[in-house]
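Two complexes follow with chain A in common, the first pairing it with chain B and the second with chain C.
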Partner chain A sequence: MNRAREASSEIRSVEDLSKLDSPVHGLSPLSKLLLTIVFIATVASFNKYDIVGLFAMILVPLLGYMISGIPVSTCFRKLKVVLPIVLLVGIVNPFLDREIMFSIGSFRVSYGIVSMVTLMLKGMYSLMASFLLVATMPIDDLCKSLRKIHMPKIIVSLLLLTYRYVSMFLDEVATMTESYSLRAPGQNGIAFRSWGSFLGQLIIRSMNKADRNYGSMILRGFNGEFYYCDRVFSKLSWLWIPILIAACVLMRIFNVPALLGSLFVR
Partner chain B sequence: MHMADALLSPAVAGTMYVASAAVAGLSVYKLKKEEKLTSEPTFKRLPTMAVMSALVFAGQMINYTIPGTGSSGHICGGMLLTALLGPYAGFLSMITVLLIQCLFFADGGLMALGSNIWNMAFYGCFVGYFLIYRPIMKTKINTKIKLILASILGCVITLQMGAFSVVLETSLSGITELPFKSFVMLMQPIHLAIGLIEGLATSAVLVFVHSTSPDLIKGVDNGESKKSSLKVTIAVLLACVIVIGGGFSLLASGNPDGLEWALFGNTEYSESRTNMGLDEEDYGTSSSVADKAGSIQEKTSFLPDYAFSSDSENPLGTTVSGVVGSAIVAVIAIGICFAGGFFRKKTKKNA
Partner chain C sequence: MIDIRGLTVEYDGGIKALDSIDLTVNEGDSLGLIGANGAGKSSLFRALTGLTAFTGSIKFNGLDVIKKNLPSIRQDIGYVIQESDDQMFMPKVIEDMIFGPVNYGTSKEDAVKKADEILKKLEISHLKDRYNHKISGGEKKMAAIATILMMKPKVILFDEPTSSLDPHNRRTVINAINGIDSTKIIASHDLDLIYDTCGKVALINRGRIVKVGDRDEILRDRELLESNGLELPLSMGGR
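So, the complex of A and B:
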């Protein structure tokens, strides 16, 4: 499939997920945003060799996925594109940090291998958390909440409008590249000669479209402020979030798996 | 160029968030000021800005053939936006592009967003506009040549700065073991190539737009019809080659030592196994958290057998209990999966 069309359908699929109804979807977007940022910061602050302590952190996003009814596999389908990038940077660690940490039988595990795995886990957790945030938060709700905390009007409106235009443009680009490739069989990408006119055409067309859009917005009474639908968010938001944040911090301070293990092993 | 969360420590990510937010605040302020001066409401430009950022977003999906290599690349868009919208509006548009990429495509982490905005939008829009684009557009050579020059120089230089920032931020976070010098040597040449390609693409687009509707491009004096002189053009191109070539070699050989010194200056207890040597234990917030953890542990003495201090030296510590504990966590995780399903069904019934 065309890359642009793929991206456009991906946006729509995420938007569909965000329209589901679950306790997680009902939480206020701001509280979810705060929790996600705290979670990612906690995950990132783990020592690069503290693989056991980090392991327990998976419980938080997992809980979110299960309550919201979004399959974890949906998130992993996204991971397959991004994880190699994280892997590529961590992959040198085993070669540069060869000091042996411990050995399982004859297999010696170096500090480098442990830090590589930790890095991968950190990347995976952060991605799981941010995907969960987006998949449970429609863009309208996000913009409304951003306005509530006095984010400048121009940034919020720009975000909303851009988001609306993106899928339209992706379709436009898909059509253009498809017709181009049909006329240039066996060619990888757009030829050097056509770079300017290709993107230039798109720009001119979009500028005109923007003018027309603006005209119709004015006719409908637009004066710089968007109106967002009035959804009532769960009052529990501000009760649940502190509990979860405290859980994150406690898991960072105490090595939970080791504590649990020491209950059973002397 | 999009950084992932796992590459950054919270301290570095937070600092970059603050820096980017400050520049965003400045941009909003400047746009408001412009609004007062021109008495044209900012929201009138909103659709254009949104369309342009959507276009940059979509433009990144188009892969261009890179001549002679058989591979292809895509544009980044900072210079393009700044030339069409100006630096302030361009910066805000780039923020929304990066935000949407981060949120909906997991391209770049949420915590790393501040760094990504700084690396890709700040240099492209501000450095690119004020130090490269505007001075070049003020010269009196042919507009077409000015546009080509400004976009190629702008893209190459700002991308080099962005790539260098990526290296710097990663090194300061101390998460990868990659030595600073080799990371720089890896990043800069690659982005030199990417910058050149992006510069060519941007210039092609700007020249096309200029030929069809010149009033769309910032800083172009439409009345001028001065013929370009071959001598001036060649001289400027030569200067570019010297700046790019010379600047790059300086960056590769000179800067790292100074920075390495700075890095080591921060670490008092570093065991310095590698060149970079910044350990997270020695760095910023983590050390105090670890210390606190130790002291809390001593006071509560929940499990006296379990020594926290030895654990921080060797995080796997009492390995067996670690393994057993991990297994328990795994069981809890599986439990959550089932409980989650149960919870969901219950809420459906309630609804």
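So, the complex of A and C:
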């Protein structure tokens, strides 16, 4: 399949995940947004050598994935392009910080290696949490939450339209690249000399399409404010939030793996 | 109902898409707007709905098509765009259908009820919860018509409603159009479609109205049609 079309269908499949029915999907969008922010902030606040404490934090997103019925592997599969970039963060640390922290047998682990792994884990956890948020919350719900916290309607509409437009844009790219490749057999991708006209055409086509879409919207009374989904969320869902935030904070303050370990090892 | 006087639409570079057009459409009319590609049919629709700038005057039910009147005029004019993809911008068919009425203050529950009725009437109830990107071209066209019917428009503009449809879907769309009571203007170069759906026809060429008359008078005039880049409808012995 054409890569652009594949990307477009990936986006739509994430939207399909967000329509599933699970206790996590049923939580109020605002509470999920808040929880994700708190989780990422907590993860980011760990000391760069506190690798053991950080291990416990994976429990939060893992629990979320388990309850939502979304396999963790889906997250890694969907984020296969971004994950390596995140994992590359801190790759130079082992070369800059060579002081030995501890040894495992004859293998000496430097502070640099530990900080590299810590950074990788922080990035991975943040991505896992963000993906869980997106995969359990339709874009309409997200926009509605943002409007509830008084985010200006122009910004929220822009977010929604951009999200919607990304799929259409990718479809347009797919159509153009397909028709290009049909008349350029044997070429791998688009020849450099054609980039200018290709991008120019893409911009013109996108603008025309956006114009027609917008025309169709204003003909049906659009005045800048979208109506968003009216799903009613249980107030009980707000109960989970202090519990989960408390869990994050406790895991930040207390080194849970070390505490658990001390129960068995004196 | 619609009174157009001296309508001119000029695009960048001085190209006149419409050149001093006069046209009257009465309530209950089903007017076919025929002409070759680039004749100015879509430009006329865009001007009627205030989507493109023009000179001259267009009156809709006595109201001038000017910026301050557009919200109320657009409530009464439905425009089925040629490319259904451009019209269906919400993820699901039902969401697209209730988009207009909710924007005009109808409650969501009432809009969904109305949508159910229209879907049933058009015999496409099975599309209600389908994603727009997952339905076929013919289904999308029917859904696009449904979104416009939701607005209960007094006039519906159809821009090439049967383009790229297979014979079965084409027939379904024609039946749907014939089942609509509103005033209709149908732009197409599919003259068989025009013959099946319209009582009155306006022939347009290079931005000018060449002739307005009864369906049979115009659609049977081989010489007139051929001199304006068209051919007799197949049903009348055209090639």
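Going forward, the second predicted complex is superposed on the first by the 253 of 266 C-alpha atoms of A that agree within 3 Å, B and C clash if a C-alpha of one lies under 4 Å from a C-alpha of the other, contacts with A are read in each partner's own complex, and residues count from 1 in each chain.
As a convention for this text, a contact is a pair of C-beta atoms (placed from the backbone, for glycine too) under 8 Å apart; a residue touches a chain by one contact, two chains touch by 3 or more.
On a predicted model such as this, the values are computed, not experimentally measured, just so you know.
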item	value
Simultaneous placement of chain C and chain B on chain A, clash or fit	fit
Partner chain(s) touched by A:N93 [first = chain B, second = chain C, both, neither]	first
Partner chain in contact with A:I190 - chain B first, chain C second, else both or neither	first
After the two structures are overlaid on chain A, angle v-u-w for chain B, chain A, chain C in degrees (C-alpha centres, nearest 10)	90
Which superposed partner A:R12 touches (first chain B, second chain C, both, neither)	second
If touched residues of chain A are counted for chain B and for chain C, the larger one	B
Which superposed partner A:G221 touches (first chain B, second chain C, both, neither)	second
Per-pair minimum CA distance [chain C against chain B, superposed on A] in Å	7
Shared contact residues on chain A - chain B and chain C	164, 168, 209, 213, 217, 222-223
Contact set on chain A toward chain C in their complex	12, 15, 164, 167-168, 209, 212-213, 215-223, 227, 230
Parts of chain A lying in touch with chain B, wherever the complex brings them together	3-4, 7, 10-11, 14, 21-23, 36-37, 40-41, 43-45, 47-53, 55-56, 58-59, 62-63, 65-67, 69, 78-79, 81-82, 85-86, 89-90, 92-93, 96-97, 99, 101-102, 112, 114-115, 119-120, 122-123, 126-127, 129-131, 133-134, 152-155, 157-159, 161-166, 168-170, 172-173, 177, 187-192, 195-204, 206-207, 209-211, 213-214, 217, 222-224, 252-266
Residues of chain C defined as touching chain A within the complex	46, 49, 51, 71, 74-75, 77-79, 81, 83, 85-87, 89, 91, 99-100, 102-104, 108, 131, 133, 147, 151
Chain B - residues contacting chain A, complex	4-10, 13-14, 24-25, 28, 31, 41-44, 46-55, 57-59, 61-65, 67, 70-72, 75, 84, 92-93, 95-97, 99-100, 102-107, 109-111, 170, 174-179, 200-201, 203-205, 207-209, 212-213, 216, 273-274, 280-281, 285-286, 289-290, 292-293, 296-297, 302-303, 305-306, 308, 311-312, 314-329, 332-333, 336-337, 339-341, 343-344, 347, 351
